[in-house]
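Below: a set of structures, written as structure tokens.
Same chain, two partners: subunit A is paired with subunit B first, then with subunit C.
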Partner chain A sequence: MTLNLDKPWQPVLDKIKTWARINSPWAIHFNSGSCNGCDIEILATLTPRYDLERFGVKLQGSPRHADILICTGPVTRQARDRLVRIYEQMPEPKFVVAVGSCALSGGVFQGCYNVMGGIDKVLPVDAYIPGCPPRPEAIIDGLVKLLTQLQEGAAPEQNEGENTSAAAVEGAEIQLDAQANGEAK
Partner chain B sequence: MQSQQGNKFTIPIGPQHPALKEPEHFEFNVDGELVTGASVRLGYVHRGIEKGTENRSFVQSMYLLERVCGICSHVHATAFCLGVERLAEIEAPPRAQAIRVLVAELERIHSHMLWLGVGAHEAGFDTLFMYSWRDRETVLNLLEDITGNRINYSTNVLGGVKCDIDREQAAAIRQGLDFLEERTTHYLDVVTSDMMFLRRTRGVGVMTYDESQRLGAVGPTARASGVARDLRVDAAYAAYDKYPVNLVTETAGDLEARFVVRIKELFESFRVIRAVLDDLPEGDLTTRMPRRVKEGDTISRVEAPRGELFYYIKSNGTDTAERVKVRTPTLPNMASVLTLAVGHQLADMPMILVGIDPCFSCNDRMVSVKGTLDSQCWTWEQLRQYGIEYYR
Partner chain C sequence: MNTLRAVIALLFFPGGLFILFAGMAYEWVDRKLIARFQNRIGPRWFQPLADSIKLLAKEEVIPTDVNAILFVVLPVIALAGALASALYVPIIGLEPSYSFSGDLIVTLYLLSLLTLCTGLAGANTLDRFSLVGATRALTQMFSYEAPVLLALLGPAIVAESWKISVISEYAKSHWLIITQPIGFLVAVIGLMGKLEMPPFDAPEAETEIVAGALTEYSGRGLALFHLGKSVELMVGLTLVTAFYLGGVANPLLFFAKTLMLLVVVAGVQSLLTRLRIEQTVGLWWRYGALLALAQFLVMIAYEGVA
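Right after this comes the complex of A and B.
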């Protein structure tokens, strides 16, 4: 939802929105074919030793409440449609974080018949976190880097102008759309 | 939405659902709050690993097979290594076998504590979830100290192991175990005495001995129903004949019994690890492994944290496996979930599902039931055609 009132307090409103967005990003986690290694490390970041919640990140059950889609694993042919559907269900602006070597490129599963490759074959990815599996510290670092990027105002502005209906089928197209929108601004 | 069927609904759950971290689709038929039927659609995590091994050498396959499951990666590699070593007619040195047992037991501790947390979380007991995962970090530290990685350790190589245990590491392991033993005693007390928790576990999802035999349950799920079956005892592999394990069984068969069995198995693991450290044989870590493996086929079975893990490996005399078949423990246990679900409240479903310690990334194997096609052996073209028609 874009609230554009064209009023003098618009910059203040934008600032508050960015502040809220950075301080309470809600994440949803989807495993599209991972070996569980990354999943349990993501869960470990939420437990007392690492405690991702101190950055305001909360793991959410429903895509409709989430800002960040944390993806693990290569995209299998069966999970692909669900992954796209979950991405479509998320409200704008939304960000995708690919966690683990498989999510980056297919990793060790490259060449297996049911594996399409990394997450960026299907969705536009905002942050890549490498490792097999990445340590919880690395996952926290990746998410904090994404949030810092939001603070500078680069990513959300690009995504806000994006056309949701076009935002599904091919990741490459989405990226092109986003770029075009960014340039138009 | 009331139809002529009364209050009967079908509730779809998944593949993305907040209860479990893995994608799987369940459908529960409910009459009011009571579940009258359950079905599952597997395969969202099917990656084609077995076929993938046919394009990789034995050494490469080991790293692929380790990633069948991130939670129990070591047992997968152990099963594969033991099988290939048997085909190549070599045997890993005693020290390597002992280290395999040690890492396998550390992994069992990590897996059971992880499950304890997830099980408690499904019951709404998040305090226990957080505590058990905090304590689990101790064993992950030990694994990282030994192998260099928290998960997917790749300790095994064909013909032995990669990492040694020195005196300092042994001392660190003992210290960690002392801490974990104290905490585990506390957890055993909690899961058997906390009234709120017992209301969710005692008498829920009861599987009798006969039923567990009929459904072919394996691992701690079966042992909670009184089935005395554990491959570490029945068919001791690696160095388990030297460091014997005592069977842990319960007779109640409900969720509480499964919690108790797994927690008591933790004590067994502590004891076995201490025995390994007390009596670690000296010697080499690896033996020479030929690149080409002799023609033949073999079966390799090991006890994963979730139950019996079965590998069938066929070699054609080259450096690549001709066929690798993996049967993981979640698949036989899954039948018990679908059967036990009937007659329970819908709210108990997550607990019953988690009660078998499901691992869908292990589970999603290609299974063809005899009778769908005349031949059990599918060629690449047939499989491809099946895939095209399936997705049409």
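Right after this comes the complex of A and C.
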């Protein structure tokens, strides 16, 4: 829904926006079936010893406030809908970071009957952080790499094929709305 | 010429832009102080600015089943109320740009507008967390509003005026923190309750109800609420300083006084844990209001004797 007006100040505005986005990534953390190892490392990253607030990272409770979805663990079939739903609830532009071996590929749970596989089977992932679990330093490194990538002007994945993904999102939203209404009744 | 002066006062200094940036600066000091108290490095100096610009540039999701007009307008009213209140208080120790008899009452109501809008914004959405947050925000408002009003009434009574400029002029020669310590305490703690800072952050308790009344807000609306809160932090600190800590003085000294007050507020924030909502209400009505009333009795008795 962005207006692309060809005005001389547009590049400056874009620069300011990118600067603000890079310097204020608010995160939300979702565990879609992890063993909690990665979650503990993420918490360690956020607590005073490593203090991600010096990069502007703040952990948010609500998906509506967040820019970055930090996912841990393989996607179980039960958690899939919730994961997609949280992703859809986030406002654009949004990024997904997969943390840990299981989030990358399914890890030791690969091939289980109840597991879809890695996060990228369900959502477009922007940064992968390997490790079992990854150290806080690795998580910080991954986040900084994602932010540098933003600075170089890499567009968020959703904007590339706008029509197709918009249609897909709409479809998913209708489905989710139907679910929500069903729940409400 | 008069209109030009009014436009400048509204848009640049001391209203409008200046207040926004000053509010963000105070918010940064607050966050940085808390970070240092927690042995962290803390955010960089431009953090609130980056947060605000990012949120303003983000997509705003309007949830289904809300009144879209209210959803869009409430953050604007909240910020407007906070900005308007800044016109009546002596920002950085300068004379307020507008002043009339009774502006203290108007300022207090304008400051309450933010909480009221937050409550309405939460009640507007169907989200259960927003609803719980809105209930708590409004409950908390009804508990601290009266004691704070009583606390700010004390200086007004001794200065015999409802005018902020007259009261701060009177406070110049009388440090009211010495003669009315209870009022000062109630006013500072009331300010923290108004801004939903810990230990009064039950309305937006992250660990229980996601983000309280603002759970469904994203992008622009959230940015405006955040900015309103920063502005209110600045206006509140200014008001308490002007009333209790020696009134309008030279700007640098005044600024230093507000910063000292902010250090105290940040210390209390990082020291205490969250109160449950009924504990908050109990604290205000059992202790806050009663103590403020007791101080009134003392004042009236003293006045009667003298």
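Criterion: the second predicted complex is superposed on the first by the 151 of 185 C-alpha atoms of A that agree within 3 Å, B and C clash if a C-alpha of one lies under 4 Å from a C-alpha of the other, contacts with A are read in each partner's own complex, and residues count from 1 in each chain.
Throughout what follows, a residue touches a chain if its C-beta (ideal position, glycine included) is under 8 Å from a C-beta of that chain, and two chains touch if they have at least 3 such contacts.
Not measured: the values here are computed from a predicted model.
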Partner chain in contact with A:P93 - subunit B first, subunit C second, else both or neither: second
Touched partner set for A:Q10, first subunit B, second subunit C, both or neither: neither
Partner chain in contact with A:G73 - subunit B first, subunit C second, else both or neither: first
First (subunit B), second (subunit C), both or neither touched by A:T148: neither
Subunit B versus subunit C as contact partner of A:R21, first or second or both or neither: second
Touched partner set for A:A44, first subunit B, second subunit C, both or neither: first
Common ground on subunit A, meaning residues reached by subunit C in one complex and by subunit B in the other: 48, 60-62
Contacting residues of subunit C [partner subunit A, same complex]: 31, 35, 38-44, 46-47, 49-54, 57-61, 64, 129, 206-207, 210-211, 214-219, 222
Residue ranges of subunit A in contact with subunit C within the complex: 1, 16-17, 19-21, 23-24, 26, 48, 51, 53-54, 56, 60-62, 64-65, 67, 89-93, 177
Parts of subunit B lying in touch with subunit A, wherever the complex brings them together: 15-18, 21-23, 43-49, 51-52, 55, 63-64, 67-71, 73, 114, 117, 129-130, 133-134, 137, 140, 149-152, 359, 361, 383, 387, 391
Residues of subunit A defined as touching subunit B within the complex: 28-44, 47-49, 60-63, 73-74, 76-79, 82, 86, 102, 108-109, 111-115, 132-133, 135
